[in-house]
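For reference, chains read A, B, C and D in written order, and residue numbers begin at 1 within each chain.
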Amino acid sequence: MVNPILLIIVPLGTAFLISLTASFLKNSTKYLALLAMIANVWVSIKLLPEVMQHSINVVIAGVKPPLGINLFVGPSGAVFSILISAAGLLILLYSFKYIEGDSQHKYYTLFLLLITGSHGMVLTGDVFNLFVFFEILAISSYILVGYEGKRNGLEAAVKYLILGSIGSVLILVAVALIYQEAGTLNMADLADKFGMIDPSKRLMILVFFITGMGVEAAVFPLNSWLPDAHSSAPSSISAMLSGFVIEVALIVIVKFVYSIFAMTEILGFLSLVAVITLLVGEFAAFKQANIKRVLAYSSIGQIGLILFAMSLNSTGGINAGLMQIVNHTASKSILFLVAGFLIVRTGSYQISDYRGIAKKMPVSAFFFVIGVLSLLGVPPFFGFFSKLAIIIAALHTGSIFNTVMVFLVLLGTVIESIYFLRIIQVMYNRDGIVDSVKEAPFLPLLAIAAFAVVILAGFLVLPQITGYTGGVASEIVRKMQMAQVF
Amino acid sequence: MSIVLNLLSIALAGVVLNVLFSKSKIVQKYVSLLIFAGLTYFSFVMYSQVGEHFDFPFQIAGQSIGFTITWLNYYFGIMITGITLLTVIFSLKYMEGKDGSTHYYTVLSLKTFGMLGVIFSSDLITFFVFWEIMSWSTFGLMSTGGKDAPKSAFKYFVFAITASMILMAGVVLSYSLFGSFDFAVIHDKIGSLSLPMTGFLLSIFIVSFSVESAVFPVHSWLPDGYSNTFTTFTAYLSGISTRIGIYGIILFLFGIFGIQTVDKLSIIGKINFRYVFGVFAALTMVVPTFTALYQHDAKKLIAWHSVGQGGYMLIGLASGSALGIAGGMFHVLNHMAYVVLIVFAIAAVEHRTGTTNLNKLGGLIKKMPVSYLALLFGIIGLAGLPPMNGFVSKWFIYRALILGGYPFLAIAAVIGTLGTILSVYKLIHNMFLGQLPERYNNVKEVGFSMQLPMWILMIVVLGLGIFPGAAMGLIAKIQVALGLTAVPYSLHGIQTASGQLNMLVVSAVFIGGIFVTWIIYLLGSRRKHVSQYNNYAAGNFLDKKVAYNFNYEFYAAMEHVIDPYRKKIIQRTEQGIAGLTDAVSEYIRRIYTGMINTYGIYVITAFIVTIIILKELI
Amino acid sequence: MNVVLWIIFLPIILFVIGTFMLGYSRKFIARIERRYGPPIQQVFYDIFKLMNKKTNISHGWMHDIAILMLLGGTLLTMYFVPVPGFHFFAQYGDMLVIMYILLIPALGMALGVGETANPNGSIGISRALMMLAGYDIPFVLTFIGFAMINHTTSMYDLMLAQQAGGIAGWGLISQPLLGIAALIALQGMLGEKPFEVMVAPHEIATGPMTEMGGKYLGIMMIQHAIGIVVELTIYINLFLGGAVNWFEYIVKLFVLFTMLLSVNAVFGRFRTDDAVRFMWKIPLPLAIIGILFIIF
Amino acid sequence: MNGVLSISTVLNFGSAGLIVLGLYIVFTQKNLIKMVIGIDIAETGVNVLLVSTGYIKGNTAPIFSKAGLQVSSMVDPVPQALVLTSIVIGFGVSALALAMIIKLYEKTGTLDTSKIRGLKW
């Protein structure tokens, strides 16, 4: 039984190890980071089979909950750790060739801090501990967005920081209210006691928490930082941000609403917000000229789709939402990583400058097309099965409201496929003007290929994947009890 | 191993091999020839295994998915593989000089793979999966081969993706209503559904298939899409690609929903569903045929006609009588035969003269007699005149409409036919008749590999015209399988109580008439052949410099009559919708103003709004 | 046995009637224009002369095949239209078949004239086809109306249905609107003066016939003669109750032909688009109203 | 008089006022540094709220400074631990924000948010 705490300690430790040894290890610090990530992947994979039977509860520093901090690793924790560590590893491989310069070690330290923050948020069983990991995640992503030091990066980082701080203020108020009312910070204990709190206080806690975490999870009115941050961050970081950081924040909200607050009446409101997010994301992306801004807005759209799936108040819905998260992580990472080298090779963000690039960068163009097709939900790719599951879950509820929402979701997909196809047509244009451009190096392509394998071969292992995501869905829907923790 | 899997694996192998052998053109050509020959062989041999079902090893959403062979998809299977084989034979020489031939053969086999999958699927999921593959490969097919091919392919794509999204909604809606994707299960449970829901579900499917088969309001993508790509693709697309939409309509209208349920559906009490569908089909017949008059590019003219002929098939199906449905289905085969023949002739002319612009061609009959003959057979078929096959299916449809009591649909069919005759003559006159311009003096007839498909199709067009029974047997089996009454047919026509059509007698009498005229013709003395410049020119003389044809604005008077009625409503609505989406996205884009203060205000307003709303909910 | 006899002699009989009618028409128009006009058998002389011409100019093999298609098509139509005493082929093809076979001679002529590569010919053909679109729509509509009443599309049954009702049963009397619309359409079908846009000697040098000479012109005139009789017979069968014996048949033919000739003699020629617009503004609405009467 | 104004309600309303004041500054001020100050005020407000939750009337600080102090006479130590972390985080974030604003100032030459709008739409 490997101890889940390793998932947090290893990256944290290596992050500081790198900054210590940076002076004499110079550029080879990245291999340390690689080791840490491989360890993480290995641990999370070993965790999964055990966790599916019964959830593991890790007590830290001897103090038993509800006073002490504990890690509560259910199927959701394990599945997300795999998602985070696997995606993190591949993006790390990509960054080897993408991030040059002598201040590399700073990048890898922050990279590992981001991984620590994500793992922490998903695994922790304590509300304040969740806030602390949220802050680690937020701060490292502020710096990483402004890492390239250009004007756009810094402007986006400052905006992201200010909005993020407002979010963390709101979350902290929620934590304070929770402690004031329930007298405990442990999630399981809170779940038991939450029923007894008087309704108006419960409402305040709920709203503070959802709005605070919503800023990070990019729900419609709160996500104005995302287009700037994801489009001006280095592409590997935008891949991580869009890949799993916003999904982690989203799953925390969903876990709180379902298993801790058990306030399933508000799901109707959440699905409405989700569809608005989707439509705003898709329509805003429709007329973008900068490729990374298109992908950023498309992430908003996809988050809307995932939240819509998860707010259907059924295990099928959450299961479909999780499959869509896996699909979005894989295909959006491919798109951002390919866009990264498109920008590096052609030196411009404008889509119109990539005319006929498919001739010079055939492999990355091919992967770009696969990423788009899977994101749109075109059959044989994994995206089709997740989108199909979402629509089945939505229409199974049979309510007219959901049928209308499904048609809006399909409208969103139509808009999405139009603007993505426009990009593909420009890339495969016959009379290409792009001449002195050479293909992306091998290692990044290998990382992108790994993501592509997930989407391409997804349907072969479909029963296994739905098995694990089904476990996660049933865990989220069931109300957390104190008994589980002991 | 089910024969359907052989078909699909061969088609898929076609895709893979073409990509592998992309470097050497020779191997690529003959590999795809072999592939499609194999496909045709298997699809013909399949009749012995009709009714056999095959399930996929894995399941989706707990439902088993697979293939089944019925008479309907056997009929369409032969058509698909047959036409693809002829197109590949024709394009062996046609694609020689052109670049992008790897893409050409790969996407062709991928599209065949998609189409075969669509028609052999036995449940909604496989149907939808292969439908998507087909519509994406059609987009791939259409985006090469001409300078503004990508633009028109993009237009097709917008229509296609909307159609497949509607189809997806329909697939999942029927799954949630009936609990299964399988056609047979849905067919049994369809009765249990309430009338408005059946109507809603049926209209979802019919709308998404009408987009693919270019029914009137949603047809504007077809003319540009089909004519801007390689001419061989124009033949292939207008021959069979749009007819998969018709297959979908037949399958859902008669196979799954069944004629009884469809007849129960009625809008505002009196007008039944089929009549509304018939009106759209009637518009599809009339409007495109008269737009074809205006075209001065041969491929565009034929593309407009394939939209118009689609209307004939649909109106046959909409008439609902056994004769009408048989006519509609038979017209799919006939249309495929003669339209592909016509476009092959156009491709031959383009291959030799390099242009399909009707204003620049003329007099090619002296240099390319075989292509002329092919085009002649094709246009007689398209216009629907006897001895050719077009006449037989049009006769069925006319009789069904008249005896079924749909006078106004019959009127539309008549108007459509006359429009076809006019524009079809313009095609053959501007290309092959009239004065031969100087620059085409050394044009030669196309090689054997391009003539062979033309000869085969000529035989099919004439053969089916004189002996329609050959195909009527299969159609009768389909009708019985779909639960409709079959049409009493015989080898040379049909014998119903209220009237009989005997194509053999009609053709025999026609030959007799020609023989008599030939004898009268021989009475006169020998004919003297003269050159084209030895012509009456009101006392003036004609020579190379002044050779002129009456090609430009061939039907100026008719255009003069029709112009006030051409309001281009379709184009205006399309631009309206495109403009609307642009405006909306421009407006929504502006939400992200870039000012951090406004972002903060967004957060707080969201906070307050959430409180207000959640106060009610909890 | 007598079927074979009919098959051999029918074309000759109709050719003779047709040619006499053409001769009569020249005489009739001449009389209106207060001149004597050529003898009745003048058309025979013309045809005989043309057939024996030494030089027959031809512009290619399609030119010859077109002539065969031209007369062959008209003979085909002739056999299918029921004539008093002979309706053997009527069972094999109904009114729809006849409607379509009527177009074969037009197409044959069009192809042949196209081959002669003379712009005047092409203009003539384009006018002819536009005129075809003009008159054919109302004509077919009237037929659709009748077919719906009697639930059959066979011309022979329609004729019997009319004869059953005596004079009152005639199409023209029972459905006056359809009858009048078809009459105007018939005027266009025969190419009589107000709608004689395709021959138009002054404008396009007799249009399609510009390059036709010798036996080609001869066969065209034979076709013209038989064609007129066939088209008139179609109208008689549909609207004037067909004919039981030959005497009644010939009287109806001449009366109908005279009516059309009288219109032809006094009217000038329409411009092509006006002709088509006239056809779509007068007979078409008439036919549609007629059909509406039938439905409701 | 003092029954109404019990210390916890005063502290609650005080912290709420501070948070609202801080956020007000962030939304209305155009100068970036003023915004960071606003955020700091909001965070202090939250810290006050956090500390006040642990307050028990009449008890002393939870430190065993003298012998014989009973745990029951001490204030609840848990929120105070939280406040420590929260203060550290607030400090860290403000330091980071100011560093970035300096770099941004070098690049754009202005602190006015209405002028720094390179990324929009």
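Here, contacts are C-beta pairs under 8 Å (C-beta built on N, C-alpha and C of every residue); 3 or more make two chains touch, one makes a residue touch a chain.
All values reported here derive from a predicted model rather than from experimental measurement.
Distance from each chain's C-alpha mean to the overall C-alpha mean is smallest for B. A count of contacting C-beta pairs for A-B and for B-D identifies A-B as the more extensively joined pair. Greatest centre-to-centre distance from chain D is found for C, with centres as Cα means.
Between chain A and chain B, the centres computed from C-alpha atoms are 45 Å apart. Chain B and chain D have Cα centroids lying 70 Å from one another. Chain centres here are Cα means. That of chain A falls 29 Å from that of chain D. If each chain is reduced to the centroid of its CA atoms, chain B and chain C end up 36 Å from each other. Shared interface positions of chain D, i.e. residues touching 2 or more other chains, are given as 23, 26, 35, 118-119. Shown for chain A are the residues that touch two or more other chains, namely 158-159, 162, 166, 227-228. Counting only residues that touch two or more partner chains, chain B has 589, 592, 594, 596, 600. Chain pairs recorded as touching, per the definition above, are A-B, A-D, B-C, B-D.
Taken together, the chain B residues at the contact with chain A in this complex read 58, 60-61, 125, 128-130, 132-133, 136, 143-144, 150, 153-154, 157-158, 161-162, 165-166, 168-169, 172-173, 175-176, 581-582, 584-586, 588-589, 591-592, 594, 596, 598-600, 602-603, 605-607, 610-611, 613-615, 617-618. Listed in rising order, the residues of chain A touching chain B in the complex are 158-159, 162-163, 166-167, 170, 199, 202-204, 206-208, 210-211, 214-215, 220-222, 224-225, 227-228, 263, 265-266, 268-269, 280, 283-288, 373, 378-380, 384-385, 387-389, 391-392, 395-396, 398, 403, 406-407, 410-411, 413-415, 417-418, 421-422, 425, 428-430, 459, 462-463. Residues 589-590, 592-597, 600-601, 604 of chain B are the ones that touch chain D when the two sit in their complex. Chain contact summary for the complex, chain C toward chain B: residues 11, 51-62, 64, 67-76, 79-80, 89, 91-94, 96-97, 100-101, 103-104, 107, 110-111, 114-120, 122-123, 125-127, 129-130, 132-133, 136-137, 140-141, 144-145, 147-148, 151-154, 205, 210-211, 214-215, 218-219, 222, 271-273, 276-277, 280, 288, 291, 294-295.
Residues of chain A touching chain D in their complex: 67, 128, 132, 135, 139, 142-143, 146, 149-152, 154-159, 161-162, 165-166, 168-169, 172-173, 175-176, 179-180, 185, 227-228, 231-232.
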